[in-house]
Amino acid sequence: MPTATVDRASEFLGGLFNSLAERGRSLFGLTSAQPMSGDQLIALGETLLSRRGEASGVALAASLLAGYEAADEADKLAFLDALAEQFGPDLAQLNAAIEAFRAHASTEATGELLRAAEPRRQELIRRLNHAPGGTAALVRMREAVLARLASHPQLRHVDDDFVHLFTSWFNRGFLVLQRIDWTTPANILEKIIRYEQVHTIHDWDDLRARLAPPDRRCYGFFHPRLVDEPLIFVEVALTEDSPAAIAPLLDLEREPIAAEEATTAVFYSISNTQQGLAGISFGNFLIKQVVEEIKRELPNVQTFVTLSPVPGFAKWLKHERDNPDSTLLDASARTALEALDLPNWFDDADTADRLKPVVLQLAAAYFLQAKSKNGRPLDAVARFHLGNGARLDRINFLGDRSPNGIRQSHGLMVNYLYALGDIEANHEALFERGQIAAASAVRKLVPTKPVTSEPRKSNGKAGTPALTAPTA
Amino acid sequence: MPTATVDRASEFLGGLFNSLAERGRSLFGLTSAQPMSGDQLIALGETLLSRRGEASGVALAASLLAGYEAADEADKLAFLDALAEQFGPDLAQLNAAIEAFRAHASTEATGELLRAAEPRRQELIRRLNHAPGGTAALVRMREAVLARLASHPQLRHVDDDFVHLFTSWFNRGFLVLQRIDWTTPANILEKIIRYEQVHTIHDWDDLRARLAPPDRRCYGFFHPRLVDEPLIFVEVALTEDSPAAIAPLLDLEREPIAAEEATTAVFYSISNTQQGLAGISFGNFLIKQVVEEIKRELPNVQTFVTLSPVPGFAKWLKHERDNPDSTLLDASARTALEALDLPNWFDDADTADRLKPVVLQLAAAYFLQAKSKNGRPLDAVARFHLGNGARLDRINFLGDRSPNGIRQSHGLMVNYLYALGDIEANHEALFERGQIAAASAVRKLVPTKPVTSEPRKSNGKAGTPALTAPTA
Amino acid sequence: MPTATVDRASEFLGGLFNSLAERGRSLFGLTSAQPMSGDQLIALGETLLSRRGEASGVALAASLLAGYEAADEADKLAFLDALAEQFGPDLAQLNAAIEAFRAHASTEATGELLRAAEPRRQELIRRLNHAPGGTAALVRMREAVLARLASHPQLRHVDDDFVHLFTSWFNRGFLVLQRIDWTTPANILEKIIRYEQVHTIHDWDDLRARLAPPDRRCYGFFHPRLVDEPLIFVEVALTEDSPAAIAPLLDLEREPIAAEEATTAVFYSISNTQQGLAGISFGNFLIKQVVEEIKRELPNVQTFVTLSPVPGFAKWLKHERDNPDSTLLDASARTALEALDLPNWFDDADTADRLKPVVLQLAAAYFLQAKSKNGRPLDAVARFHLGNGARLDRINFLGDRSPNGIRQSHGLMVNYLYALGDIEANHEALFERGQIAAASAVRKLVPTKPVTSEPRKSNGKAGTPALTAPTA
Amino acid sequence: MPTATVDRASEFLGGLFNSLAERGRSLFGLTSAQPMSGDQLIALGETLLSRRGEASGVALAASLLAGYEAADEADKLAFLDALAEQFGPDLAQLNAAIEAFRAHASTEATGELLRAAEPRRQELIRRLNHAPGGTAALVRMREAVLARLASHPQLRHVDDDFVHLFTSWFNRGFLVLQRIDWTTPANILEKIIRYEQVHTIHDWDDLRARLAPPDRRCYGFFHPRLVDEPLIFVEVALTEDSPAAIAPLLDLEREPIAAEEATTAVFYSISNTQQGLAGISFGNFLIKQVVEEIKRELPNVQTFVTLSPVPGFAKWLKHERDNPDSTLLDASARTALEALDLPNWFDDADTADRLKPVVLQLAAAYFLQAKSKNGRPLDAVARFHLGNGARLDRINFLGDRSPNGIRQSHGLMVNYLYALGDIEANHEALFERGQIAAASAVRKLVPTKPVTSEPRKSNGKAGTPALTAPTA
């Protein structure tokens, strides 16, 4: 009979969030905020950095942010441009600091140099963050900066400072892992629907099927000042083995199992939610903490694996096929691959059987041989998981028959395995020696000569069955 | 009949604090942590800044902090020294950045300069903050830095970086005002007893008398990552007029009034709690937010005033009396003031009556004329309140007859008035023109010729009664 | 800037609900519960009332309830029948108590009589309630009793005891008003969708439109032991006047107003949720408490009114039309009313215009003249609101053009007005003198001679326009 | 790294308690309540049972309770007397129901008899419970009834009805176990200090020593409508063996152990708090649920034992010594026991040694032989624990040297062992066969001939050492 032995001090402090949440929202309550002109915004920014800003900072910051949010496009841009220029470092001070440092490279002089080199906008942004709802407003402001970056390259430095400050404010230490389930408030849940990026959530029934069954989990990172917004979330299926295809996991009619029967946790979708926090990395931390959380709750779960898309494969393969000089493919393979251009090729079992060994070998080449200029994996999802220290565990032919899956990866999906004991070594091997961690079955698929579609004798035989072998 | 119309999203997020609080405490659970040597700590710091730190940062940070906390004094100091030197800026990079900037003072070059001038310890401290309990451990680390600053001046720059980062992390936007009352958990309340710095709380009955009655309030700022610790708190009495002495406010036997009858909120004690956060200013924000909070709850309360000690007055007056050249005092006044050297002089009504006009004029001189070299008030408490934009409203003779009150200020207390509409102007007048805001009754007390103890004719008459006049 | 001045003692006790909720649910976790036979259930019931039941009551109660829930229909019925017979009063004791009372009608003898007359099932049900989830299981058990009542009339007395105990346990004092909005957990919200009985909620978008806009409210009563289940809930629209039709209120595209602009709160749907609590009245309390709640939050809202269906009107009118002896209608009216039998008659403006005065007069007769045998209103919804002390404020022709609205009431809707000051008097007038409170405009509609469809001269003129007059 | 995976639905409902708590307190807010006369109270009671009570019940109930609480003694008593008489059963109805039953003993007639025999005050009390704070006010009202019972025996039947209703409302199913520790709100903790009945808590330091160390626990039952008041609480020490004396457990200077090292949970104090709930039993449930709770949290804890006072021993022994006919003692024992009348006899080791075997045998006789008329143990604490199914496990000579311990039990303490598997059998053996469960070592102490203080040969030898043997 469970009892209420909750941590009372935490309950006491539960009230704290009321306040943060309230303030997080109050900025939007300024519905009557008048739009401000660019000049007004800039003048207010200067005031906020002045003496008066010390006395009335919170109110000034709130006014500026509300006026900015209500402003029209041109005025917003004028303010952002001013951030880039007018609120840059004080060049006179900087030059003086440099001279002083050159005269005598003392620690004092270094400190002075650091202070002088800091753009004034950093302090301005810090002060804007005092406002109720300030953090959320600044995340939106950076979203605007990012959206204008291509056409207004001078905003690059503004963006750098946002990244610098956000990295500090959204420090792992300030993030909180929260389970999201069917008892989560609807206003949070509707954001899960909206933000899901990998396998679209079609409606509330679909959402329920991902959250409510006993063999499903979802976790997100939240921040004290953006309380209604998960920053990132991951969807997890608890299973009895490592899955090779996504459709059975998402099937609304499937029979759930008891959580205690599961041996495997499958991370089948990870979505970032805040464009304004692009480049501030949470996913690495999220997966590791979820692994620990599930281990603690369900000691039987020993295997932690993803079921991941391969978003860059079709594009890469097209490039190889378009390149007559590529030695990756022999003529038979090139001919065989033409089937990929037919609609619904995958519904024909013979075609699929014929393509399977060719595609798997090419996929192994894509993951293990085809690297970017800086020696990292070509595939964005691979970069993320391998960079986190996971290992490429299995390549699944026709794991995703959805239109999007067929289009971007000819239906391929892969499993990345998170073995906590190996993460550090895998991470170092990748970044220091460019070595990609992969299961031996995957490794054996890597072609040592042009991939062929001719009948194989022994090599292929060895490779293909291994693809379906369970993870060790 | 009140109902439960709480904000559900906030409740959802109440759970967040469970996690933050738990993590805030978990570092201390590392009771079995082995002490580390200085070399081990430094090596771990370098690892944390390296590739491996990217993969296993949270665990590494937790190990370093636990090993540091368990280490002995010499090893701790070795680590702190390394923060000052080894983890300073990369000088080669810095020089290169300077040269590049001198060659072409582009924004890029400025950005590079900023990055190169940043000491490596800043990133190290940011990564240490990833650990469970990291923020609290870093606050304690800075407390250690401060304690060693006098004897190890090289730590000054480490301290600067702590201040820089803490200012960002303990940004007003991340602080939460929480009311503290008799329903607050005991583990928080015992810290109120411990941290009270102005008027000692003698025991739990004394505490109860400050929290439980309907005409008492206490508010503190909390931070999501230091959840059991108020960062600063203020004790408030709700009264029917501005009080001239502290004893009646603290009297355990006094009759409380209904909160709705109060017209005045008296801030009679403000205490900072974390030495490791010295110099990160919260008090200004705290008072202003408490004013708004009380206004909202109790619209009848229109006057917001402190009852404050004058910690520097006795020392300053001694200095004047010891200075034979001082023109502040005439001979009669000097003679009269000798009574202050007698024990319990204040118990003699005649003595007190005789001293009152002299002391009040001197106090006016102390507040309004005797400034520090940089033109700010001499008195630390005055600097705080006047710097916040308050006005010196009244000087109370024998407002504090406690031994401490007699010793540090010959029993003087003062009221600072927070009139929200004037705060900005007062603040600017002080910082830009050195003008101290004071009530006219106070202003009239300022001596225009040497203070005398001779029988006065008219001037004194005008001044003294005004001292007891109610605040307008 | 709002702050966290929540009631900490309540927070402390928030944890209590964790426990109650957990227990409320844990019974359903007994998925492995074996079904029990009727004999086993009865034997367990006897054990629970015996000595062993004193020592191990909670476990025994949980076993019995789990075994009952898993049992098949015949065994359940056997147990329910035993409740009716075997667990009735001890007749020997009862006869002895009667004899004792007749010998000497002392208070002691009365007390003994009371005890002896109490069926043993009352104590059994009280002990079953000790089980985790016991209250919910007993509510379901009574639902089963109700469902079998028609075919098993002996269960009537079992039902009486359930009502007696539930009335005590679901006492107004134990119910909690909770606002339900878009931040409410989804598992609660899906029950709102499921339980809505008046105007079907079609999907989550429809639900959102009733909960999220600033001019919408929803409140429910919850009970500490049925925490995931609202017992009853009411949907409220905040408007600028008393509405005459439902469609505009439910329109997904309508423009919301600010809550502060509203003058009127419209209760447009009230739904009970637990069939097992039928006859335990909450609605009366709910409406009155919501009125107080809204008054407190929005002082501008002064008018509290329903927009209610008239479920019995069409049936009653058919009865009148079928009765050739009815003097309520003249021939012209009978002819005119034939239009009601045509599909979509209401889409024809001429028809509608012609029917309007006839239907309104008939409706007035239905509400004010046609009473049940015991002198109460015929209409079930009218009985509820008028019994609560509301007044019939306006009859709205074609207020509900939905198929259901047309079918049950020829499209009529009415407004009942809750004027708190009149509630007591209205209630007493109804129950003691059979007087129905109605606005004078409604009263004037009551026909004093057979209703006619002939062109009217003056009387009808006076009546009709009044129908659209605003509530005074 | 723990995370926030709290039950969100419970959080949602946490808000419910805000409301209940608020209402629980609001009655006391009626400070301006005018006292009412007895006649007014009685008239209001009749109104509450009438038609008007249906319409305005909550307000009427609140008025009556507030007026009652403010009334003076005579008026209160007049109201209580009216409860006994005027609000008794309707005798005319009752007689009619009896006649109907005698004419035909149908189930209907039985039901009617039950209704007619129910005193009208039951419904009145149920309606009073609708008021905010009603439950608490009714508990206080019953406290007043109990206090007047001796002088006003007619209130006995009012008390019976309170017990009947409270048993239903304070049903085990509505109680919540809550851990009380150093993070509990101070307003709850001060009640622990106030209500502790067994071993006085001297001050907050003493309280802290019982709540904060890792090897201490405290749990209480709370009720949703009395949220600031534990109904009963138990203090628990986690130890490595079953303790024989209380002083070491309460020693402020003792060294705590880690909870994980404990093998034994010692219930060393159980206190009921509400006199108005006397006779509504919670202790049985509390101990059993705490056993389950501790087992779940600390699987190493396998032994659950009390360290209990023996409040009736000294009185019983005096009675035996005063009775010259008692065959329990021989002359030598009578002489030896005279030492008990000396002050501080226990400080003399020789005296204590000599008395020990005599006192232990007498204690065994007291527990196992000396029963009350109805065959139950004489000792009130023994009745409670043995009635719960515990076993008398060990008698500890000089376990409590406090003045109270010496006075009431000559320093004896005992351990009762709760072995969950035996509880049911022990309970039945006691109530059906009068058998008291005791360890064999205790059993061997029971004297089979008059207790002597002469030097013993073999019997005593066997018995005494067993007293210090560990619990099997």
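By letter and in written order, the chains are A, B, C and D; residue numbering begins at 1 in each of them.
Methods note: a contact is a pair of C-beta atoms (placed from the backbone, for glycine too) under 8 Å apart; a residue touches a chain by one contact, two chains touch by 3 or more.
Chain by chain, the UniProt names read as follows: A, B, C, D = Malonyl-CoA decarboxylase.
Bear in mind that the values here come from a model prediction, so they are computed numbers and not experimental data.
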item	value
Which listed pair, A-B, C-D or A-C, duplicates the contacts of B-D in over half of its pairs	A-C
Most remote chain, CA-based centroid, reference being chain C (Malonyl-CoA decarboxylase)	B
Cα-centroid distance, chain A (Malonyl-CoA decarboxylase) relative to chain D (Malonyl-CoA decarboxylase), in whole angstrom	58
Inter-centroid spacing, chain B (Malonyl-CoA decarboxylase) versus chain A (Malonyl-CoA decarboxylase) (mean Cα positions, whole Å)	41
Interface hub residues of chain B (Malonyl-CoA decarboxylase), defined as touching at least two other chains	1-9, 11-12, 14-19, 22-23, 58, 176-178, 183-185, 187
Residues of chain B (Malonyl-CoA decarboxylase) defined as touching chain A (Malonyl-CoA decarboxylase) within the complex	6-23, 51-52, 54-58, 84, 88-89, 91, 94, 98, 101-102, 105, 107-108, 110-111, 113-114, 117-119, 126, 129-131, 134-135, 154, 157, 160, 165, 167-169, 171-174, 176-178, 184-185, 187-188, 222, 224-225, 227-228, 285, 288, 388-389, 423-424, 427-428, 431-432
List of chain C (Malonyl-CoA decarboxylase) residues in touch with chain A (Malonyl-CoA decarboxylase) within their complex	1-6, 8, 11-12, 14-19, 22-23, 26, 58, 132, 182-187, 189-190, 203-204, 208, 212
